[in-house]
Amino acid sequence: MSLDSSSPGNEPNEPLVVVDPHRLEAFSDSVMAVIITIMAFNLKTPVTANLHGLASRVPSILVYILSFVFVGIYWNNHHHLLRATRRISGAVMWTNLHLLFWLSLIPFATAWVGSAHANALPASAYGVVALGAALAYFALQRSILRANSDHAAILRAVGKDVKGIVSPLIYAGGLALAFVSPYIAYGCYAIVAIMWFVPDRRLTKVA
Amino acid sequence: MSLDSSSPGNEPNEPLVVVDPHRLEAFSDSVMAVIITIMAFNLKTPVTANLHGLASRVPSILVYILSFVFVGIYWNNHHHLLRATRRISGAVMWTNLHLLFWLSLIPFATAWVGSAHANALPASAYGVVALGAALAYFALQRSILRANSDHAAILRAVGKDVKGIVSPLIYAGGLALAFVSPYIAYGCYAIVAIMWFVPDRRLTKVA
Amino acid sequence: MSLDSSSPGNEPNEPLVVVDPHRLEAFSDSVMAVIITIMAFNLKTPVTANLHGLASRVPSILVYILSFVFVGIYWNNHHHLLRATRRISGAVMWTNLHLLFWLSLIPFATAWVGSAHANALPASAYGVVALGAALAYFALQRSILRANSDHAAILRAVGKDVKGIVSPLIYAGGLALAFVSPYIAYGCYAIVAIMWFVPDRRLTKVA
Amino acid sequence: MSLDSSSPGNEPNEPLVVVDPHRLEAFSDSVMAVIITIMAFNLKTPVTANLHGLASRVPSILVYILSFVFVGIYWNNHHHLLRATRRISGAVMWTNLHLLFWLSLIPFATAWVGSAHANALPASAYGVVALGAALAYFALQRSILRANSDHAAILRAVGKDVKGIVSPLIYAGGLALAFVSPYIAYGCYAIVAIMWFVPDRRLTKVA
C-alpha cells in the first residue's frame, strides 16, 4: 500500500500515486491554522471595558498562549517529520487524521479551561486531549516509519524519541493531579511545552 | 470543455488551461479543513464544570466523532479520485462545489443532533445532508468520468462503485427510520462510515 | 511594477518577482473557503426540534444557498481570470484584497437577511455588498489588464464583459427596489446568480 | 541551522531541508485568511432591522475596515519579505509563529473596540496588539536576515527599514494617548495603516 510519491509527474501507464505528501501537509496546515485562529476568536470580549473586565479575561488569554504554543509545536514537528517522509500509505492518512481529531478538540478544552480554570475537570480534560494528541503523534510516527522502512534518514531521525515517550507520561500525570490541584496540571502541561520548544535536533541535524 | 491540464507551464499561444486540479483540490481541502475545525468549535463548553456538565456534552462529542470520520472519509476519497484525474471541465468544478455545499451543512446537522439527539427531525436532517453529499459525490465521479473518458485508469478505478450505490440507500433508509427511532438512524449512518473506513482498493490498486 | 512571474526559480542577481500568482490564488481560495463554511456555521440550529422549528430556518437556508452560489461564481470566475494572468502588480494585490473585503461581508449580509428577511434594510444591505463585490471584481479585471497589456489572450478574454457591466446595474436596481419589496431585491440577486451560473465562454474558449 | 531549501527534490543521502518556505507561506496565509474572515463573522447582525439598528453597527464596521487593511498590509509585506528569502531556520519558524500569535489577537481587539469604542481600554488594547505585531514583524525580519546573511538582495531590501521603526513608536503613542481620548488612538492606528498602504519600494525595486 505504500507507493512512492516522490516523482511529481506521473505517466498514465505508471501506477497511480496513492497519496501526495504535499496535500497531506496542506490539509494538516489548514486544520492547524483554523484551530489557532478559532481559539483566539473564542476569547470573548470583556463584559465591562475596564481593568476589572480585562482581568477577568487573563486566565483565558494565558491558556490561549499555552494552546497556541502547543499547536505551534505540533505544526513544527509535523512539518519536520513530513519533510523526512518519502512514502505515504493509507495508514499514514488515517493516523494523520487521528492526530488532527485530537488537535481539533484543543479549542474546546481551551475554552473550557478559560471559563472555569479553577476546576479540576476542565484542567483534567485539557490533559486528556493533550495526551490523545501525543499518542496520536506517536502512532503517526510509527505508521510513517513502517511506510518508509527502507529510508535510513527517517529511521535515524525518529529512532530514539525520548520526548515522545516522556510527554504522554507527564500529560497522564497532569490529568490525574488536576484532581489534587488544577494548577499542578497546568504546570505539567507548561513543562511539556517548554521541553518541546527547544528545537528538536533529531530531524534538523542529519550527519 | 474538458481541456488537458496536465502540462504545468502554458505558452501564451496555447489554449488556456481552464481549471487546475491542484487549485480544485486546495480549495476543497480548505473547505473540509474549516468544516472539521468549525464542528469542534461548535462543541459548547459545559455549563457546570463537573461530571454532570461533561456528561451533557457526550452526545455532542459522539456525533462530532461521527461527523469527523464522515468528512475524513470524503477527504480521503476525494483525494484518491482527483489523483486519478487528468482533465477537469466546468461541470467538474460545479459538481465539486455542489459536494462542498452538502458537506458545509454537516456542521449545522451535527450541531442540531448534538443539541437534540433524542428527536426524530435532527436525526433525519442529518441523513438528508449525508444523502445529499453521497449523491453529489456520485455526480462528481460521473462528471470526472465524462471529462476523462479516454483515461483507462480512472475508468477502471471508478468503474464498479458498489459502496457509492449502497451508501445513499442506507442513508435514505436511515433518514426515514429516524421517525421510528433516531438511534436506528444513527446506527445506519455509523454503518456507512465503517463501510467506507475500510480503504477503497479500486483507486489504490492499479495493476 | 508589473514583473514577469512565470519563471519559478529566481537567481539572486535577477530582479525579484514581486508577486506570485499562486500565492494570490491560494490566499483568495482560503478566504473564500472560510466564507462558505462560516456562512453555513451561521445557520443556527432550530430552537425546537420539530417541523415548526425547521420551517423557521428555511429563509436562512435559502439565503445561504444564494450566497453559496454567489461565492462559488466568484471562485470560478476568479480562478479563470487568474489562469489567464501572467503578470501581477502591487495594484492587482490590492484590488484583489478589495474584492475579498466585500466577499468577507457576505456572511454578515447573509446572516442579517436570514434573521430578518421581510425587512427592506437587510435586503438592501445584501445588495450593497453584492454591488461592492461586483465593482471590486471589475476593478480587479482592469488592474490585471493593465499589468498584462502585452498578453493577447487576456485582452481578448476580458475584452467585452457584458455580464460584468449588467450585474452591478441589476444589483443597484435590487438594493433600491428592496424598499418597495425585499422580495423584488432577492429576485434581482437570484437573476444575476443564474446569469453567471451559465459558464463564461470568454476565458474558456480561446481560439 | 539555516539549510538551503531552494532545491525542490532532495536525495536520501542529502542533508534534509529543515523548512520549506512555501509551507511557511501557506500556513501564514491560511492563518491570515481565517483572521480576515472571522473578523467579518464577528460583525453581529443588527438587533433591529432599521437604520437605527444599522447605525449601531457603524463603529464595528469602521474598526473592521481598519483591521482588514491592517492584516492586508501584513499579508502583503510578509509575502514580499518571504519572496526575497532563500534560507529558513528554526528561529524564522518561531518568529513567524510569534507574528501570527499577535495577528490572531486582532479579531479579539477588533471585537472589543467594535462593542465599546468610546472606552480607553479597548482602544489601548488594540494598540498593544498592533505594537506586538509590529515588533514581532521586526524580529521576523532580523531572524530572516541572520539566516540569509550571504544574500545581498535581502540585505539591501530590508536594510533601512524606516517604517518598521516608526510604526511601533506611533502604536506606543496611540496606546498611551487612548487614555486621553480613544479617538486619538484610532487616529494613530489609521496613520500607520495609510503609511504602509503606500507600496514598499525596498523589495519591489531591486536594481
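A few points about this structure:
Order as written gives the chain letters A, B, C and D; numbering starts at 1 within each chain.
Everything below uses one rule, namely that a residue touches a chain if its C-beta (ideal position, glycine included) is under 8 Å from a C-beta of that chain, and two chains touch if they have at least 3 such contacts.
This structure is a prediction, so every number in the text was calculated from the model and none was measured.
For the self-contact between chain A and chain B, the two sides draw on mostly distinct residue numbers; the shared fraction is below half. When each chain is reduced to the average of its Cα atoms, C sits farthest from chain A.
If each chain is reduced to the centroid of its CA atoms, chain A and chain B end up 25 Å from each other. Separation between the centroids of chain A and chain C, computed from CA atoms only, is 35 Å.
The residues of chain C that reach two or more other chains are 26, 30, 33-34, 38, listed in rising order. Looking at the complex, you find that chain C touches chain B at residues 6, 25-26, 29-30, 32-34, 36-41, 43, 45-46, 49-51, 53-54, 65, 68, 72, 75-76, 79-80, 83-84, 86, 151-153, 157, 199, 203-204, 206. Here chain C touches chain D in the complex through residues 1, 9, 12, 15-20, 23, 26-27, 30-31, 33-35, 38, 42, 90, 93-94, 97, 100-101, 104-105, 107-108, 111-112, 115-116, 119, 121-122, 125, going by the rule given at the top.
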